[in-house]
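Listed next: structures, encoded as structure tokens.
First subunit A sits with subunit B, and in the next complex the same chain sits with subunit C.
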Partner chain A sequence: MKIENKQLNFSNLIITFPILILLFFSFGSFFITFQHDPYITDIANRLLKPSTVHWFGTDEVGFDIFSRTIVAGRIDLFISLSGTLIALTMGLPLGLLASEKSKRAERIMKVLDMFQAFPLLVLAIVIVAMWGNNIRNVIFAIVLINVPRFTRLIRSEALTVREKRYIEVAVTMGASNSRIIFKHLMPNILGSLLAQASITTAHSIVVVAALSFIGIGVVPPEASWGSMIRAGSQYMTTGQWWTSLFPGLAILISVISFNTIAQFILRKYESI
Partner chain B sequence: MFKIIIKKLLFIPIASFIVSSLAFLVVNITPGDPVEVIAGGIASEETKNEIRIELGLDKNLFERYFSYLDDLSKGSLGNSFYTKIPVLDSINQYLFDTFELIIMSLIVALILGFIIGSTGAYFRGKLPDKITNVLLSIIQSVPDFFLGLLLIYILFFKLQVVPAPVGRIGLGELPPPEITGGMIIDSILDKNWSLFLSSLKHSILPALTLGIFYSSYFGRTTRNVLGGSLNSKQVEFAKSLGLSKKRIFIYALVDARTPIITYIAILFAGLFGASAIIETVFAWNGIGSWAINKILMLDIPAIQGYILFAGLITLLTYTILDLIVTFIDPRIRKKVL
Partner chain C sequence: MSTAIKVSGLNVRYKVDNKVINAVNNVSFSLDRKKILGIIGETGSGKSSLIRSLNGLIKEPGIVEFKDLQILDSQGINNDFKFEKLRGKNVGFIPQNPFGSLNPIYKISKQFEFVNKRHKIYEISEFNFQVLRALKEVGINDPERVANSYSFELSGGMAQRVVIALANFSNPEIIFADEPTTGLDVTVERQLLDKFFELVDSNNLTLIIVTHDLGIVAQYCDETIVMLNGEIVEKGSVMNVFKNPQNEYTQKLIKASNEEIS
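Right after this comes the complex of A and B.
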């Protein structure tokens, strides 16, 4: 028992790193005064190597990559997080509704599964391209491709919890439906729900980046990791690696952070 | 046994209908006016109306839906808004190019994933397991297009072991006469070996990119499933019988075959959509980059056709998977009956 506690304490310490990184990307740009304005181009100083003046170098139009990589974090993370949270709040009632044991519920799930037969990334591209280039539509695309996932997860979790003895007891004691859902069901599925939310946010970061990488969604002069990688992509063949590398690493680090948090949540809930 | 097969096959037409309806809905329920984009900002109201009538966008959603279904029943996906080329012809032209990429990527993903996953499973709990686990987490977190760019920098610019990422063959080379539509197969059929070699070399970067990225998913599945069967009672029994380590490993593999094959099918279906962005990175003229082009131009019939095709391919893959699994795994056969 004691050893287990120690392990948990250790992982409590470890988990602060990803949280700090994500907080830095989300809010860091509000507190830092950059040496170079992230929105001002400087054609005379284009494609400069990383140096003490431009820490991460400059891109093809002379944007400072360091300041833009940090500024891009807040918009990319905002979109991914809010898309995930909206999808979660929509998937929750849908999943609970679909967890009743009926033919109808099964049919709903079949249609939802069918929806997942489509390449979801391409679907997101279609939505943003047809609905117009703005942040609201990117969030909407994230919501749309993730609602079926949350519905499915919540349904399967709710189905297993419903079988448990304590729910049976609560029903026999005459507990109301809302009491059963909020007092008994929710606390028991919360862990896997939060873990899934964290994984979905990680995945959404990549989707948002892929959208701006092909040139839709968040587009320049607004900074986003995907569009920064896009701006540098043609220079990879000529050796100017820094334009794409740093925003790419920023994505990598944030995705790993969210995945680590998800694993931590799962382990924590399993150990209870 | 026959009952299962017939039941599965009967499901296909119903599912195809749902898939085709969803494909229509996704593309046609939009708040914006595609004509605005097609005509450009400065077009007069008159030209816009002409375009609207020409493309059938003056009709309401239901009329369009029924004419779409009507076209489908005649085996047509309509014509492109811009080029007037039948959508089905374009899909035909590009589909095999994408299949070639998917199959090569799948081979890379399976080999890499299997090596990483089985290493982890064999040494489960020990250091190699932990190392491969971290490796898989990192690969899984890299956006695939970024990985592609990194590989371009390392393999093309630094090491110069692959040709420039300019497409399927070199800029000065002529493509083989079109037979299947797939460049590699066609160059074999044409017995043009230098072109075959060139197209293989040009495939290294994109196939490696997708292959490495998807090896993480396959590797994790292999690690978990194989780790589970290596921990099982029958392996313990085999060990106590004194069987060789190699033999035991093969037995565990046989036990883990169903989830592994399932994952191959999932990867195949997933790669169909995922290849789109990689195709644009490497100028690979496949159906994915064709579709992204069409999406950015708001070519509605083409987008519709692509989404429908992608849905049908997924549907077909999963149905075939179901049938294969019921054939090779008596445990599942008994459960279904």
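Right after this comes the complex of A and C.
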């Protein structure tokens, strides 16, 4: 018993790191007064190496990479988190509906199959290209990509839980349909749901980066990790490695953070 | 003696791959209040389907049809028959196999709270006391510990006691028990059944119990139904059926169980 508790505390400690990192990327820019304004170019000081003045160096137009990497986190994380949350809130009722045995459920699943037949990134590109290059449409694309996934996950989880005997026992004790859903079904699928949400956010970060890498979605002067990598990519061969490296690392760290959180949640729920 | 439950022309069918399986075939019976009915039959004789259909638990692809099904309250009134209204309030159900009958994410006391909230049985001030009383009533010696446990921390026998206590918590008049002791070992089974029938007796409950153990029926029940292939082959008071079985299948069953004893 004691050993178990120690292990739990240890993993609790580990989980604070990714959370702190993500909090820093999301809100850090509101509290830090940057030495260099992330939105002001300084052509005279373009492509400077990392130094004590410019910690991460500067890019081709003289933007300070350190301040922009942190400001970009705010935007990228906002887009992927809000996209995931909206997809989750839409997917949850849909998935629960689809877990019923009815004609309506079959219809929902057919429509979702249709969506999932598209290559996702292409779908996102088409949406943003069609409806305009702004953050709202990027979020919309992420929602559209992820609603079928959440619905599918929630449906399959709900289907297994629905067959559990304690659901039947609750029914025989007079629990209403909504009570079964809210008190018995939902809490039992919460773990895998949260884990999936965390993984989805990580995936969305990559999608947002991919979109801004090819120049849609978040466009300069607004900072975004994807567009920063793209701006720096042409200088990689000439030796200015820092322009792409630091935003790339930021993506890596935040994706790993979300994945760690997902794993933590799963492990915590599996142990119950 | 007033009637508690009246069934006539009950059919349960399962449609699997365009084949129709008749699990329960034209079953009719009635049971008086405060009587204990034991339904016996071999595996696949339709006894579980029968008792589950009486509580509206048959799901697709099952089809339930009946000419008449009445579950009456103490006044003998049966106004607008709906399973949703009867469940818990008038009818309790104890399922097969206690493992998994309790939601693993809630403590036992919380699950009692759900039942209490749904049926508004006890005031909050006396709720805790009533939970402990209900747990003691089914033979749990340390009700405080059990009430604060999760289902997976309990043994099978304990869990089934909790399930029985839960089913009885809302003070139903009729209880359906579908092989309540499967998966438990013999000593635990006896203790549990003794407590269970004590509870049924002291609360004046009407009970329908499904089992394949003739000993249970002989010892505890007033009436019995013998089922084979979805049909009733013999019914009547336990005394008559066991002393003087008319049907060939019943004779065989009783002979076989006698041989087992001697």
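Note that in this section the second predicted complex is superposed on the first by the 263 of 272 C-alpha atoms of A that agree within 3 Å, B and C clash if a C-alpha of one lies under 4 Å from a C-alpha of the other, contacts with A are read in each partner's own complex, and residues count from 1 in each chain.
We take it that a residue touches a chain if its C-beta (ideal position, glycine included) is under 8 Å from a C-beta of that chain, and two chains touch if they have at least 3 such contacts.
Values in this document were obtained by computation on a predicted structure and should not be read as measured data.
Under the clash rule set out above, the superposition-derived model of subunit A with subunit B and subunit C shows the two partners fitting side by side. Of the two partner chains, subunit B is the only one that A:A129 touches; subunit C does not reach it. In the superposition on chain A, A:I256 makes contact with subunit B only, not with subunit C. Residue contacts after overlaying the shared chain place A:A175 against subunit C, while subunit B stays out of touching range. Rounded to the nearest 10, the angle at the Cα centre of subunit A between the centres of subunit B and subunit C is 100 degrees. Subunit A has more of its residues touched by B than by the other of subunit B and subunit C. By the touch criterion stated above, A:K164 is placed in contact with subunit C alone, subunit B being left untouched.
After overlaying the two complexes on the shared chain, residue contacts for A:L120 are found with subunit B alone; subunit C is out of touch. When both complexes are overlaid on chain A, the residue A:K183 reaches subunit C alone and has no touch with subunit B. Taking every C-alpha of subunit B against every C-alpha of subunit C after the fit on chain A, the minimum distance is 11 Å. Shared contact residues of subunit A, touching subunit B in one structure and subunit C in the other, are absent. Note for the complex: subunit A touches subunit B at residues 111, 114-115, 117-123, 125-127, 129-132, 202, 206, 209-210, 213-216, 229, 232-233, 236-239, 241, 244-245, 248, 251-252, 255-256, 259. Those residues of subunit C whose C-beta lies close enough to touch subunit A in the complex are 55, 57, 59-60, 84, 87-89, 91-93, 95, 97, 100-105, 114-115, 118-119, 151, 163, 166-167, 170. Contact residues of subunit A toward subunit C in the complex are 101, 164-166, 168-176, 179, 183-184, 187-188, 272. Across the interface of their complex, subunit A is touched by residues 15, 18-19, 22-23, 26-27, 30-32, 34, 137-138, 140-143, 145-146, 149-150, 152-153, 156-157, 164-165, 269-270, 272-274, 276-277, 280-281, 288, 291-292, 295-296, 298, 303, 306-307, 310-311, 314-315, 318 of subunit B.
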